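Starting off with a structure, shown below.
Chain IDs A, B, C and D follow the sequence of writing; residue 1 opens each chain.
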Amino acid sequence: MNLNRRSLLQSSAALAALSVTGLPAHAAIDELVIAYNVNLPSWDPTVGPSAVNPTIQGLYLSVFDQFILQQPDLKPAPGLLTEWGWNEDRTKVTMTVRDGVTWHDGSPFTAEDVAWSLTRAADPATGNPINFVWSTLANIKAEGNTVTADVKQFDPTIFKWMYFLTGYVLPKAYFEKVGPEGFEAAPIGTGPYMVEKYERNAFVRLKANANYWGGKPDFDTVTIKFVTDAAARVAEVESGNSHVTLEMPYEEYDRLKGTLNGIAAPISDIGMIFLNDIEVMTDPNVRKAAVWAIDKQTIIDRLLSGYGVRIDTLQTPEYEAYDPSITVPYDEAAAIAALAASGYGPDNPVKFKIQTTKGFKPKDYEMVQAIVGLWRKIGIEAEIEVYEIAKHYELRAADQLAPAAFYNWGNSVADPTTSTGFAMFGPSPHSVWDGEDLINMIGPLWGEADEAKRIEGWKAVDRYIAENALVIPLLQYVQPILSATGVTVTPHASGALLPHLMKRA
Amino acid sequence: MSFLQVTNLSARIKGSDHRLLRGVSLTVEAGEVRGLVGESGAGKSMIGKAILGILPRAIEITGGSILLNGTELLTLSPAERRRLIGASTALIPQDPLTALNPSRRIGPQITDRLVDILGWSRSAADARATELLDEVQITDPTRVLRAYPHELSGGMRQRILIASAFAAEPKLIIADEPTTALDVTVQKQILKLIATMQARHGTALLFVTHDLGVVAKVCQKISVLYGGLVVEDTTAEAYFTGPAHAYSRALLAATPKYTNPEASLLPIPDAVIAAVQADVDAYDRRVP
Amino acid sequence: MADARALVHRRAGLRLWLSAGWIALVAAAALLAPWIAPHDPLAQDLFLGRLPPFWMEGTEPGYWLGTDSLGRDVLSRILHGARIALIVAVIAGTLTCLIGATLGLLAGFLRGWVDLVISRLIDIWMAFPPVLFSILLIAVLGPGLTSIIIAIVVIDWTRFARVVRAEAMAQGAMDYVASARVAGRTRIGTMLREILPNVLPTIVVLLTLEMGIAVIVEAILSFVNLSISTDDPTWGGMIAEGRTSVHQAWWVLVFPLVTLFLTVLAFSQLGEGLKDRYDPVLQ
Amino acid sequence: MQLLRAILQRLLTTAITLIGVAVIVFVVVRVVPGNPIAMMLPPGATDEDIARLTAQYGLDKTIPEQFLIWARGVLHGDFGTSITARQPVLDLVLGRLPATLELSLMALVIAVILGGIAALTGTRKRDTLTEAGIDITNGMALSIPDFLWGLLLILAFGVLVPIFHISGRVTPSLELPFTTDFYLVESLVRLRFDLWLDIVSHMFLPALALAIPLAAIIGQLLKQSLKETMHLDYVTLARTKGYGENHVILREALPNAILPTLTLVGVQFTFLIGGTVIIERLFSYEGLGNMAIDAVINRDLPLIQGIVILFAVIFTAVNLVVDLLYAVLNPRLRHG
């Protein structure tokens, strides 16, 4: 009998008048309630700022299917496309479309939907933020159950984007009939769940899609409540109001994982410190000292209760271009020596500003405070400036970040281009380091056709970055998930919390 | 047995030995008017408040007794005392401008006691109110009953308060300087009104004032007060022909006469003050 | 009747002394913080994280009120936090008072178009949701002590302006002002010498209340993660940081919370106490 | 005639206030660093992408130009489109308004009840320990900001003694037959007390957190005004009529003590509404305040503008209602 404290207290509660119907206390949970950590601003997963916001992709993945299915370990698998690939000279791409799939409104899913979705994404007017990738395909045509397109400009990661940001297939007939507003009000997809009721800033109620091609999910109805405050989310699961929640402080996760089910798996999101090649950061000794002085493991153990994976390059073990042999030591003595070589030390400290968000990622501000504390011991006086995430994006796009700036970098396709690539390639609006040598190393890799050669190339870039300390990778985040005893959750390495991966215990 | 019998009433400020009333004794017979005179601060209105049980919180009665129609008020429970005072006595307050509740119409302020405390029916109370307004010579009583206090003049409001006081045919009315706040022209009319109504209703009246002219016209008996001490208790005629106590005489001399307004006012000589103060000190020595 | 009010004074006295006493304590802590604080408020030691207060076991000597998740001494941070709290309270409070009272005085006394303009300004400012506006303001000015103070001044000056304007209008209507004008005093002269002294008690009371409010606003802003950017400890910041590990290290949240609460209570009771003592109405 | 002129004059001042607010928030929001375009930049975006998106949202024009475009739109009821939600701002904002209004009104009711009880008891037991106790509680309630009360309530009634809901506005699984967004009111109108109870149990904690500071202020102001009224002659006269202390306080003193506190309570009520920004966020209550924080974090400029202006409209409306109430309740003005 899963008689939780809530129902016990309800029956004895003195305030009978205000007693709460709340959640049925009997064993089986037929209606799953998830306390989600962000609001869902809009239902179109291919347009606008929410299309590039990694934290809400989980909601889109429950309702829509991507071209290619991404498995929990980030590896691709047949989805709406059963096969896909280039021709010999990489001038055309062909994709075969799964048949026997229907949209939530019952209409059949056809190759035409895939072609239309790709064309729409390629058209700049639509406002798809990843237009620069989709526009490398041209005259996309659907015949029977295959879709073909010409490759205007070869991009080795085109198929990876088909299971990443904006890689969703939308219903052509329905969308054209109801238009964007209609779609926003009543979205349909082919995914495991259908949208039954949506209340902005409050909750969305999902109904299981009986004839989902991937098999009907366990829970018939799922309510996802938007609870942005972490302490409130913890109170939700602790009081039995919700069954599952994520992204709570690690201390709370440790406290509750005994009584509730707890899973903490590493995800494709890393914490790092950008280094801007201005002021003192042009001096390699300062950069190396800064990197060597950081005791990453102690910070993870003490601040994040051990939930985090120490990394020395921008790749995590799950990424394709991960090279375990590239390591950066924690060596306070070497750091002091490096600083001394440039005439700095505890009595004549080098000074620069470090920017960080506060409360955007778990313990982001505290980590920077800890790092500044470690730096202070060896002779680096770093002044912390807190800014909002919006200001970080603006400064980075205008290349005006402070000499050091903490940021997190998500990359759920595990490809080196979308981690080291965009973060370190000078001309990209997202990188801050403008070293010519690095630009020349990365340049040719964009269009490298030979996959093995491409990966080796990126590994060399990572080694070069590590040796010259052009960036300070810190850790790979671990995502804590708590769930009621009646539910087992399979975590997805991209960090998306997916109801259809939740089974009755 | 007189209707109101106050014997040896003493009072002081809580937590201090600053005495306000020093063994005050006086009686009011049914249908009789007693004047309570003295300079301001002599404690005369304190006596009225003590009787009605509306002394300020910081003042406590230290001794004596107040018999109202034979019942000792000081030993009654607050609730019983309240009901008795409400039913059998009434107050004509000093300042009509502040004695009426600004946010309530005039009607209910006359009838509330009748209905809530004495259990009259609403219609009987309303009829009584209209009848009383006629009696206090207010024209168009129906309009006045629906009006708010700020719409009426000071004189009108005092007439209403007098009407309200006589509404329940109380046995005793305490008039606490009812004309002091009014301008002179209206004072005479109000005075006359109180006198005639008192005579007509045969109500015992304790008239507190510092104006001897008023006392002459209305009161049968007079008590003269100084420093909370009754220095003289006599009839009106005796007082105006030749009061016994030096202070009473000085008080009389200091009052302008209607009969010859040009007479110069004689301030109370210091010697008299000293004498009467000696009486007060004697009392204090005698009574711990 | 004098004694009844004495009773009021004695109780107000007690309230006055207790609140003034606590504020003096906080002021002393603020001034002497660097010398009396047992540890450097910024010094971290990750291995001494979350030590409990001295009376519980598992603690280290010298860390009287325990340490936070970064191993920083809670007591030292509260003492240094007092410095910032007082700076915010005094500067923001006084600035708000100066600007608000001056505008209120001008509007209330000079009347005419001056009053019209200032009253419209007050209406517009009152129409902004205070918390939302301060979040926007901090986003523009960037977090930091000065922007907190500016945010408080920009939002709360209307409180002074409204009250002082009403009071100045009331005083202005009094005869003693007319007589001063008749005596050939210039308008401004009249305002300063006649009106101001009478409006002063209200201003003083409002000033003390405002200081309390300033400390609360700083706590609200740190709750929304916008407070002081640098490492300097603030009570609001400590409360916000302590919130996430309240079950493991309750003292990181509770001690600054109690200090903040007592200080704000002291300011408000000081204001009430002063009002009882100097407010003409109760005199 | 005089009444008409007063109303016209009032409308004019309100119009000026709203225009003033619109101009100020328009400029402040555009000056704030962190423009929304940068938020939307995908990993591979190039400079012309940035230019194209900026033009698409009209952010490339000068601020006065943008204001004129925006103002012209407002005249036709178009407050622009939200950048994040890609929906008209007016629909978004009006959709969330009923939730905030209901929460604020519920908080006001709680505050009036708590504050009223505190003031009346304080007056009834004045100059005793009870009154001192009430003063201290009022002082405490005022010294702790509403969001801390929120935290304490979540801990107390959400976790330790879970008898109230701590997030959201209604249990999502309930079927809501409502046509308007005024859930609380409509559930009463439809006599659906089960729904009403559920909604109240969701709204009670946030409303209480909002209400506590206002209750303390009402408690203090009303007690002060009551105690001053108790000294007046008509109250003493009522006692001579035989009425007990409780009756005297409620019937004679209270009606006259309410007036002076009304205007101040009106002002404090607008602060309470302003407080919903944080409390709704804490309790994940889907009102205007909750949406406001997301709008600021994502620099959704048109949405921020719409929300701030709607708050301004609410505040001016509240001030208007308070002034009307003052005139209606005050007999002197009623016949003025």
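Throughout what follows, a residue touches a chain if its C-beta (ideal position, glycine included) is under 8 Å from a C-beta of that chain, and two chains touch if they have at least 3 such contacts.
Keep in mind that what you see is a predicted model, and the values were worked out from it rather than measured.
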Chain whose Cα mean lies nearest the overall Cα mean: D
Busiest interface, counted in C-beta pairs: A-D
Greatest separation from subunit B - chain, by CA centre: A
Where subunit A and subunit C are represented by their mean Cα positions, the distance between them in whole Å: 43
CA centroid of subunit A to CA centroid of subunit B, Å: 88
Chain centre separation (subunit A, subunit D; CA means) in Å: 37
Inter-chain centre distance, subunit C versus subunit D - centres from mean C-alpha coordinates, in Å: 23
Touching two or more other chains - residue numbers and ranges from subunit C: 7, 139, 142, 243, 246
Multi-chain contact residues (two or more partners), subunit D: 33-34, 127, 151, 155, 293
Where subunit B touches two or more other chains, by residue: 57
Subunit D residues within the subunit C interface of the complex: 13, 16-18, 20-21, 24-25, 28-29, 31-34, 127, 132, 135, 139-140, 142-145, 147-148, 151, 155, 228, 267, 270-271, 273-275, 277-278, 289, 292-293, 296, 304, 307-308, 311-312, 315-316, 319
Interface residues, subunit D side, partner subunit B - complex: 127, 232-234, 236-244, 252, 255-256, 329-332, 335
Residues of subunit C that touch subunit D when the two form their complex: 7, 11, 15, 120, 123-124, 126-133, 135-137, 139-140, 142, 162, 212, 216, 219-220, 223-224, 239, 243, 246, 257, 260-262, 264-265, 268-269, 272, 281
Interface residues, subunit D side, partner subunit A - complex: 33-36, 38-47, 49-50, 52-53, 56, 82-87, 92, 95-96, 151, 154-155, 158-159, 161-169, 171-173, 194, 197-198, 200-201, 204, 281-284, 286-287, 290-291, 293-294, 297-299
Residues of subunit A touching subunit D in the complex: 5-6, 9-10, 13, 15, 17-22, 31, 33, 35, 39, 41-42, 44, 47-50, 52, 124, 127, 129-133, 165, 180-181, 184, 197, 199-203, 205, 221, 223, 225-229, 231-232, 235-236, 238-241, 387-394, 396-397, 418, 421-422, 428-430
